[in-house]
Amino acid sequence: MIEQLRKDFPLLHTHIEEQPICYFDSAATTQKPQSVIDAVNKFYQQENANVHRGAHTLSAAATTQYEAVRTKLADFLNVTSKEIVWTKGATDSLNLIAAGLSEKLSHDDVILISPLEHHANIVPWQQIAQKTGAKLEVLPADQQGVLDLEAAKQLINTLKPKILSVCHASNALGNIHDVAALITTAKPYNTITIVDGAQSLLHLRPDLSAMGCDFFVFSAHKALGPTGLGGLFGRYELLNDMPVYQTGGEMIERVSFSGTTFRDAPGKFEPGTPNISGVIGFGAALDYLNSVDAAALSKYEQGLYHYLLSALKAIDGIKVWGDTEHNIGVVSFTYKDEHHFDIATFLNTYGVAVRSGHHCTQPLMEHLSLSGTVRVSLAFYNSYNDVDTFIDALKDTIDMLEE
Amino acid sequence: MIEQLRKDFPLLHTHIEEQPICYFDSAATTQKPQSVIDAVNKFYQQENANVHRGAHTLSAAATTQYEAVRTKLADFLNVTSKEIVWTKGATDSLNLIAAGLSEKLSHDDVILISPLEHHANIVPWQQIAQKTGAKLEVLPADQQGVLDLEAAKQLINTLKPKILSVCHASNALGNIHDVAALITTAKPYNTITIVDGAQSLLHLRPDLSAMGCDFFVFSAHKALGPTGLGGLFGRYELLNDMPVYQTGGEMIERVSFSGTTFRDAPGKFEPGTPNISGVIGFGAALDYLNSVDAAALSKYEQGLYHYLLSALKAIDGIKVWGDTEHNIGVVSFTYKDEHHFDIATFLNTYGVAVRSGHHCTQPLMEHLSLSGTVRVSLAFYNSYNDVDTFIDALKDTIDMLEE
Amino acid sequence: MDITQIQNRLNSLNGWQAKYREIMLLGKKLPALPEALKIEDALVRGCESNVWLHLDLDESQERLVIIADSDTRIVKGLLAIILACYNNLLPQEAKQVDAYALFEEMGLIQHLSPSRGNGVKAIVERIQNQIDAFQ
Amino acid sequence: MDITQIQNRLNSLNGWQAKYREIMLLGKKLPALPEALKIEDALVRGCESNVWLHLDLDESQERLVIIADSDTRIVKGLLAIILACYNNLLPQEAKQVDAYALFEEMGLIQHLSPSRGNGVKAIVERIQNQIDAFQ
């Protein structure tokens, strides 16, 4: 099955340093199936036009396609299409939400996040906290970097946060969070719950209605789609209630120099020309995801993850961080006191593309007393052979470092 | 020459309603040369990786390419690369600037714009004016929709605006503004000058050092590039001085729960994963623009524009709006009291793609007492044959309306 | 022309040029709304161009009378088709009629720009809501 | 090894695996900086990993003595190369040396990630600026 799927991803058949590539950086950005590349290509060659404005056939067709992808995504997430806003990425989405909720915050309100958050789910809240006087508080995690769920629930009960914003899966360690449990705990306090799904959209295919969150954010490029596109789900009432964020064309009802009125959501949050080719490419990505056997892929991914994990753990001096029981397939490790950058650089010479550093989670690294880790992030298109190549390369690297 | 260049644009060889397309909607978005489409394609097939974070070859190569386009654009605009910020479009750029300058504004300060502005250069200022108490004032224009340059200079001298934000060329009427003259007039008052170059980047290839503006904004998709990408130039001192706008990964120096510090511009304004394929595609668009004879194209465009203009003016009942002497090649017209939408819809059945409506310039339409116009917007890839087809189709349409 | 005649006529025409021309001619036959009736309350929200619509019962208080106008000829033609669907029906009959589906059947929705399509939907919804208010 | 020897050695090696290994070995030969010297002031801004650098004149007050360290082995190796370029030169001689250009010549800059390349540039600039301060 996987050998067949791998054929759909042209980049997997390229080379690094004259060696076949082992792409283990899918948490940074996934590779794209040919169908996504083709959809973007076809759009520019045959369909390119601006949306929402046209009397002409091209523009009408582009608009229809663009809106159809919104519906497709809404179906994928099990919500309604008017609850989907297109943005330029998860970061943009989180900034939009933070700005939109800021007027609900006042001095002494609590914004609660986890210690595993990506900077994109930290800094916007720090900014809003500074502006409003609200307090930013952090859920407890252990020395491995695993959220303590029971203590987390207790803290929610104690703090009664106005806002709870947590990642569904950690990009640095791969941990899957039981966000539904946290949301349920927070419900009695009318907490506005936000889930950073940048890492979960692809791996966990969340059902947002079941999850019960108020907002959910993602980036298309981390789920087989093009760069420069992301989006958010917002429960309609809350979403439509937020003040406008960016302003300009398209999102208005009427502009005059004496005053301006805005459209309802999602329109009011989408000023200007959107990333049309990005949306259309992402539509093809969703088609791709809908066409494969999700359960089988997930099983395969988990198998591969555990295969990688045991091979790594068998190497003396390797320490794997995070929750290895509930994991989307990200292995973050260190080797003795060696610098992650040296390891990653050597691995690269074997054609192995991993990431090294703090993974935009400096507070988590601080919590773990690390300057960074080497991160191997899997996707269903990785093969057992990729893992073997990596392990061999890592052993060579270690030999070299110990020389 | 043009017949040759037209071959580079695949969409120009498609059909609308079974008729060869006459694409006259370049002011909404331009068509893309094959080289741009190929660059995006190649990126996803062979080079796709996230930027700025990688120890691996793919990521390093993507970053190098990404930053090289910044330099290429800076050269194109005659500024330095650290003065270029990538955004998702002109609208995003204007919102970033308006937010960044808002703390410089106080009650009684004046923000001055023209009556020909796109909503993207109106509504963000209205919002900032509301927030800061500053006053939004509008330059004078005549009944044709032409800015009165002398009166405009006088008004600048009278109002001594804190901010002057004007489009280099109008998207609704095509008028070219003498922004250099306005900037010179405003200089003694330390006015911060912003030029909306969404329509001028392609047609006028502005030299920003000569122009002397403090900020300049554009959208890639209106200059042969991909959707979902734009940018801004900011004079470095002013740019770097602005507070951060959106926050998240990449734009930080150091994040901890006790506080966060930010990078210098342009980095501090580029949080999150950027539109990498968009930037790389736009690089190919700039290469394309650098490879053609700009002077010859501009001469051709002007010739075509005047050919179109005379043919239109020869039709009884047609009124052309705006400045037909200084124009980027946009003809906005009305026919008697007929509705622009009816005309555009009929034209479309002849394969002629024009735009109808207010073109995101409702205050201008109000000024002209129009509900909208039919807009024919040219690019160098339009042929004389396109114009002939359009004129014939328009005559048929008029016959039908008069039936 | 009743709605079946209109449908047959449009279906018999080849190409959108001819169809739009026919739609426009249908619009021309629709009487103009007096300016006094072009009031804010009669404006249908969600249409890209102005559409005014009034719905009432005839003198016998039995059958629907809808009058409508638009500032664009083509939309006025679309209104003529919609009115042909509903006018003169008993409210309970009209409740059974889905003019939007009929537009879809004729391929008109697919051809209109999405915002025009939404406009047609908004008009039909407005009519149905007002019928509900009568019952 | 002086800088020419280093250059020859690196050029003679085939493939980046071997070259990085060699660079790392060069780093190993560079003495570690005492912790007390790893101070904020000695940190070179613009490097992705920590780089500490001290520049002084030798006892004769004539020739440059640069000591440096990094927390990564490869960057330490790069530092070893840079130091081999400058150490023991008279300041006016050192002004003529552009280690960054040498890195480019060896193909190292092209191969490093852009941020590492900028790091090398930052280190070289820091050295040049400190030399200026001496003169």
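Each chain carries a letter (A, B, C and D) given by its place in the written order, and its residues are counted from 1.
Going forward, contacts are C-beta pairs under 8 Å (C-beta built on N, C-alpha and C of every residue); 3 or more make two chains touch, one makes a residue touch a chain.
Everything numeric in this text was worked out from a predicted model, so none of it was measured.
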Moving only from a chain to one it touches, give the least number of moves from chain C to chain D.
2
Write down the chain pair with more C-beta contact pairs when A-C is set against A-D.
A-D
Tell me which chain's centre, taken as the mean of its C-alpha atoms, is farthest from chain B.
D
Once you find the CA centre of chain A and the CA centre of chain B, what distance in Å lies between them?
31
Computed distance of Cα centres, chain C from chain A, in Å
46
From the C-alpha centre of chain A to that of chain D, how far is it in Å?
38
Whole-Å distance, chain B centre to chain D centre, using C-alpha means?
46
Multi-chain contacts only, two chains or more: what residues does chain C have there?
none
Find every residue in chain A that makes contact with two or more other chains and list them.
17, 54-55, 59, 341, 345, 357
Could you please specify the touching residues of chain B with respect to chain A in the complex?
10-11, 14, 16-17, 21, 23, 25, 28-29, 31-32, 36-37, 40-41, 44-50, 53-59, 88-92, 94-95, 115, 118-120, 122-124, 126-127, 136, 138, 219, 221, 226-229, 244, 246-250, 252, 254-257, 259-260, 271-278, 341, 344-345, 347-348, 352-357, 360, 362-363, 366
Using the touch rule from the top, collect the residues of chain A that touch chain C in their complex.
52, 54-55, 59-60, 63-64, 67
Interface residues, chain A side, partner chain D - complex
17-18, 338-339, 341-342, 345-346, 349-350, 357, 371, 400-401, 403
Seen from chain C, its contact residues with chain B in the complex are 15-17, 20-21, 24-25, 48-49, 71-75
Using the touch definition from the top, list the residues of chain D that touch chain B in their complex.
111-115
